[in-house]
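Going by the order they are written in, the chains are A, B, C, D and E; count residues from 1 in each one.
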Amino acid sequence: MTRFVLGRIGFSTLVAVLLAFFTLPLLWLASAPLTTDPTYKVSVPDFTWENFQTILEHPYALPSLYNSLVLSVGTALLVVLLAALAAYALSRVHLPGRDVLLYVLLLLSSIITGTAAMVPLFQLAVDLQLIDSQFGLILILSGGLLPAAIFMLKDFMDATPKSYEESARVFGATPLQIVRHVVVPLVRPGLATIAVWSVANVWGNFLMPFLLLRDVEKQPAAVIMYTLYTEGGQANLRLLSTFGLLYSVPVVVMYLIVSKKYGFRFHGGIKR
Amino acid sequence: MAQATSLPDTTEEQPARRYSEDAAGLGRLRAGAFTAPALALIAVFLVFPALWVLYLGITNYRLTGIAAADPKVVGIDNFLTALANPRFWNSTWLTVEFVAGSAVIGQAVLGFTIAWVLRDRRGPLRRIVEGIVILAWILPSAVVAFLWVALLDPRDGTLNAVLGLTDFAWLLDHPMLSIIVFNIWRGTAFSMMLYAAALGNVPPSHLESARLAGASNWQQLRDVVFPHIRGHVLTNLLLISLWTFNDFSPFMLTAGGPDGKSEVLAVHVYNEAVRNGSLGYGAAISTIILLINLVVAVFYLRLLRSKR
Amino acid sequence: ACGQSSGGGGDTIELTIAQNAIAGGKNAAAAEFIANWVIPKFEEAQKAKGKDVKVKFVPSGVDDEQYKTKLSLDLKSGKGADVIDIDGIWAGEFAQAGYIKPLSELVGPEADSWDGWQQIPEAVQGMATYEGKKYALPVGTDGRVLYFSKPVFAKAGLPADWQPKSWQEVLDAGAKLKAAGVPVPIQINAGTAMGEATSMQGVLPLLAGAGGEVQKDGKWTGASQPLKDALGLYQKIYGGGLGDPRLQQDAKGRDKSFQRFAEGEVGILMEGDYFWRGVVNPKDGIAKMDDRDQSVGYALIPAIEPGKGIRGQDFVSMSGGALRTVNPHSKHPKEAFELLAFTLSPEALKEEAKNGSVRVTPRTDVNKELLAGDPLLTFISEKVLPLTAYRPPVAVYPQVSVALQEATSAVVGGTTPDQAAADYQKKLEGIVGGAGNIAS
Amino acid sequence: MAAIELRGLTKVYPGGVRALDALDLVIPDGEFFALLGPSGCGKTTLLRTIAGLETATGGSVVIGERDVTGVQPGGRDVAMVFQDYALFPHMDVTDNIAYPLRIKKVAKTTRQAKAAEVGARLGLEHLMDRRPGQLSGGQQQRVALARVMATQAQAFLFDEPLSNLDARLRLEARTFLKKLQRELGVTTVFVTHDQAEALAMADRMAVMEAGHIRQIGTPAEVFQRPANTFVAGFIGSTPMNLLDGVAHGGTLEVAGCALPVPTSAEGLLADGEKIVYGVRPEYNAYAAEPAADALGGKVVIMENLGASHLVTLDVNDVMVQAIVPEGREPAIGDQGWAVPRRDRALVYRDGELVAG
Amino acid sequence: MAAIELRGLTKVYPGGVRALDALDLVIPDGEFFALLGPSGCGKTTLLRTIAGLETATGGSVVIGERDVTGVQPGGRDVAMVFQDYALFPHMDVTDNIAYPLRIKKVAKTTRQAKAAEVGARLGLEHLMDRRPGQLSGGQQQRVALARVMATQAQAFLFDEPLSNLDARLRLEARTFLKKLQRELGVTTVFVTHDQAEALAMADRMAVMEAGHIRQIGTPAEVFQRPANTFVAGFIGSTPMNLLDGVAHGGTLEVAGCALPVPTSAEGLLADGEKIVYGVRPEYNAYAAEPAADALGGKVVIMENLGASHLVTLDVNDVMVQAIVPEGREPAIGDQGWAVPRRDRALVYRDGELVAG
């Protein structure tokens, strides 16, 4: 029994410490936007709405959130669609060199997220007439996310029983029908997870939109966030904290919806 | 006695029952068609620029100046420069610390711990803990950077307030520790989710037979859980190491400072390529990072595959 | 090529102008000024001339490095706005890369015969000149001084009209401040965390004060005595407990030192006029000081000893500033230049100052009138600009600057000035292409 | 070896499912005891509560005089075989068998010797180096048994250890297991939902339903005199015929036919009482010619049981099953008569057996 | 409805496993045909090759006159029930049943009506809105049947459709399925490894081993006269006694006892020939007193089969099993005699039945 009690105490302490560790940094985001002249101190706010007022009047703040939405949702849709098809085919048909291909792509995808790749990507966008185009940016962002998305989705696909598909096949369903009617609903949590992952990735991406979009009206929130500084590079904490909050809310809401509706979980484990 | 004490071996060896994996009857052709759009996009927007980066690595290309107008192929000069540059070695070593500390040890262990502790809990507690951990993961990095600057501020920071310290400059005195802890905070969610899924695959009966034999918690982990989740551990380590290797967010906390004490390779590349304009050199370092990643990946694959 | 000429009647000419400024964010005032005044006025003026010109402002609002990166990529691939702002220090590298072209080449003789040139001091003109050719128009300039907090000085028994004549006097004042319990008596930027601020508000003015220059007559200065002297001052300040080395290492340390100055915890601070305009400005500064005009004192930066500064000066300063130029890929370079010139016309400069953001313009005629209300800026334009120096506008300068920053950082960290200077020279050789380019 | 005693054992799962309801049970030392019941009745829960894998909500578990209710599973000195055998896939057979000894810190050579000995006893000599994945189902099952034997526990707990084997292997394994248990003499609790398995193997058995024990007894007792209609319907390789009827003096009216009151219920029925008449197909003789005291109808289904057939008769819309021995099979559609054995037929009132 | 004909059907898996070896088989229209065999013998492969889920390596599949060897599964007009039922977890029962019709582009209302009709026929009316996860095993099985029925296919293919049900349900489902098939009259191929299931349900059956068919026939034929020792050992709810023996003139020496030559083999054995003597426990009468032409030994195991017991005798170290009817059970350790029925005993030479 003492062991049991000790176990409970240990568990509670651990959970408390974890919660503290993970919430502590978030406190500032809750307090600063509501404070008149925020510093880095977390204090009980005086609940002013002035900062929000300022942000609402900011010419680019709200449109940039909309742009972020367009970019991230667009990318997520493209990534999920293409990755699902590819992951399904790779999971079900042993194309030669499949595993090596995936690993190589995964490695290359890390190079493309690095700063050194900005010149080639920029030049590529110029040559393909994709500069200043949100669609072009979506293509480029998708290219970087796809390998990891395929890699993760393939695990989901591998884990689904094949008898569902066979059964549909005996009824005469075509491969595309099988994917639509059976596979997609079965791996929906996986698709949702990948979608959230893609959105979160694009949502926070600064460099690519900054380089490839010329028009501020098309710039996403990540870029606008960086403009909330003064001439000398000093942070305008009023705007930054408030905009930071607004900027965070959509992803959080999206996560809540997705996790409620589809469950948010990972599969994974390279098959040996 | 023959019949009663030993059953006939009706099946000597059963190879894994697989039937055709191609349950939907895709066939190679259609499988190719399914993968083609993704591969095309990847080829144009990933493979091609990545190869371009590799090419840039052997030129003296710069963002501005004469070398921008007329870059020349300089062979392995950039690599030699890097290898002779103590900053590069410093960065490499810091990156090793960063990856090992924040990803391999930090995220993986903490993520596993959370998943393990919550493994058979349902209800609000689990949802809250998971939700907050995931929150740290999905918030945009620009916002997160500010949260941590605010947290670690020597004068006004929440952390010092909580610990009762005054003017303790975390980012100055312990820059690596700070960014390591930061990255643990930021990235644990992925490991947590992956391990939560993995633990769901460990047959409860295996854990229970170990418990019945009297195995301690640690023995259960070693003898039952780990062998089962080996594949997940591999996926996890592979991905988080890769991501952490290329993670640029420490820049937003310390900008590599003070004095390069937290200049991990991704930041080093940024400093060289953007601040310094040495794109060729930056690309060469990216290539080296790629090679290190390759070695690490092969190492993991070897390690976790060796003992089946 | 056919659209090059400006005479195309009826066709709408579309121009774009880009700055690292954005409404609601960085340099908001400048962005608003362009959008709300320059563009309508310019379009109007063109219309009066019978040309239909449409101007579009392309805002940005990011780190200078990122702005530069994007600009470089744009210019390299023949993109970018018709009229662009660049930092003065980038002129050389951009010119070398072919990203910008001499104005006369692009626009024709009009560029050289622009009436504004006569109003711009030679030194300021130099900023826009590379290898004898003018690549841009200067947009503004600035200067560096020693700020001090009068209330803090009063506590330590120091005068409110303090003007040190040598480094020793600065150190003495620091010692008094320290004795009076001021936490940070002297703060001079050091280290790499501040980036270029360390060079401009730190090692370069000191180097000048010791009679040295980073580059002189095409040769770079190595481990010279002036450099050792400058680094020696760092050692005295940070080794002697007169400065807070921690503030220098922090990525946000500069902001913090501003904050602490405003809170009366810093005695002496070497900064540019931006500090006065943007930081402690009682109206919209980020570390507002309601009593700025009464509490903040300023003094010229002394040479190490009187007469030992560059050009034999008693006092020194450093200046930088922005340039505005025409994109070589502009389809309408002549109109672009007109727009450019328009933004630097006296009316425009005066108008820009109306919304409160008075700053030192390149034009002496305008400065006289404009700065009258602001003591510090008048002080800068009248007392400092004549003494000031500019950084060499060459491509390798940024790397040299980093090497200098590293040297200060080493000294603050405990390395001897001699050692740090020697290390600097070694690095310098790598950067500038061998010992041959270094003056011994 | 030890007896197992459960006193008022109750298990309520979080969420409110009452899986065991104040259950009392004594299993003497050395007995082979089967727990039988439909899915979800609480068999596994009972077994796991004995093992300590679930904590009892109420009541106590005593193993060989020792009250182990609060003891951890590792300290109860019982061993368990799971339905999926729970062999560790990354260890070879030797290591699997020796695992409990390893946990007990037995020296490596000793435990390998012990594993080899037990393995040999179960005919696993040539498989000791294989991994479980390289073994057939039957072999895996024997490795699981060997692992349990190596523990030398006081009691064995088996949770449907045969249900993953294919039908033929299952038959062989049951004979094997029975013989092994007899030789070892270890108290054994065996969970199954297959009544044939329970009947064939158990010394005694309990039939459970919804957390309660509905009958305890030897297989013969349970088979011949099910205490209630639940047990009657559950036991038997073909379900017992349970037919609604009404008592009329000395006869029963069942499915429109008149039958004599079974011996066991003689004199215990009131006139006009509604009862359920139960007779196993095995005790229902089939006659191709009209017979007295019989249920007559048309043959609708014939199922081959090997040396006999199961005939289903449609007796005035009530299905009645009887067994016909080889050689006398009717054709579908024939008219036939089922003649219950009076000494084996039973009568249930309100679901409970009517007996003197 | 259509007959199924397989000609020289061969399936070699990549990797070299020859799962089907030049197999010939004709299943007439409307027949309920069972495929029986141990695990890994190729039953599932055969079924999947008929369905087109595996492509045959050689030979052809003809369904109702049409050679479908190269046809996609969807074009073969067969329907299949999988062991795990493969009900789509994200669709409710109606949608699951109507799925094949949806593929055939039947209008929504029509297919819902059809689903409702079929569902009602299988007693699923009140479950039509549930998801498979909310159904019990037996209900899921019926939904899978309903889905197959809705296709109106030429033939049904069942792969162990009962093996996921618990023992009791399995018995009920088998009667239900048999009855349903009889009513629909659709050619049905039923795979199982449970010989009792095959015997009880099939019109005809095939016993497979390692890719070959070892015997085809009605359940009674297969049960009573297994063509070889493999089939003999596989069929029967208790395995046949297969005892080594030697012929000596008119008698056989088996396990140290002398037995008369079985009727079926009379006159077919040479003197001194080594044979295997086979007799099912059901045809082995048990005697407590010494008897002539019997195998005498000590009772070592007793297994309750319900209305009878299976007795295992140790006859000079050879195990011999016999069935004792109720009431005459010996005790373990008793001396007993097994008396084979001469007309049911069989003789195998080199594994094959010796018969006139």
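Note that contacts are C-beta pairs under 8 Å (C-beta built on N, C-alpha and C of every residue); 3 or more make two chains touch, one makes a residue touch a chain.
Owing to the predicted nature of the structure, the values given are computational and were not obtained by experimental measurement.
Using the average of C-alpha coordinates as each chain's centre, C ends up farthest from chain E. Just to note, of B-C and A-E, the chains joined by more C-beta pairs in contact are B-C.
A straight line joining the Cα centres of chain B and chain E is 53 Å long.
Inter-chain spacing, taken between the CA centroids of chain A and chain D, is 54 Å.
Put simply, the C-alpha centre of chain C and that of chain D have 92 angstrom between them.
As a whole-number value, the distance joining the C-alpha centres of chain D and chain E reads 24 Å.
Of all residues in chain C, those touching 2 or more other chains are 66, 69, 73, 252, listed in ascending order.
Residue numbers of chain A whose C-beta contacts span two or more other chains: 118-119, 123, 163-164, 166, 168-169, 226, 235.
Each of the following residues of chain E touches two or more other chains: 38-39, 53, 72-73, 300-301, 312. Here chain A touches chain C in the complex through residues 57-61, 118-119, 122-123, 126, 131, 210-211, 214-216, 223-224, 226-236, 239, going by the rule given at the top.
Within the complex formed with chain C, the chain B residues making contact are 62-69, 149, 154-155, 169, 171-172, 253-255, 257-260, 274-277.
The touching residues of chain E, counted against chain A in their complex, run 51-53, 72-76, 78-80, 82-84, 86, 88-90, 99-100, 102-104, 151.
Contact residues of chain C toward chain A in the complex are 22-27, 58-64, 66, 69-70, 73, 77, 79, 252, 254-255, 258, 274, 278-279, 286. Every residue of chain A that touches chain B in the complex is listed here, in rising order: 11, 14-15, 18-19, 21-29, 32, 39-42, 78, 82-83, 85-86, 88-95, 103, 105-121, 123-124, 139-140, 142-144, 146-148, 150-151, 155, 162-166, 168-169, 175, 178-179, 183, 193, 196, 200, 203-204, 206, 221-222, 225-226, 235, 240-241, 244-245, 247-248, 251-252, 255-256, 259, 264-272.
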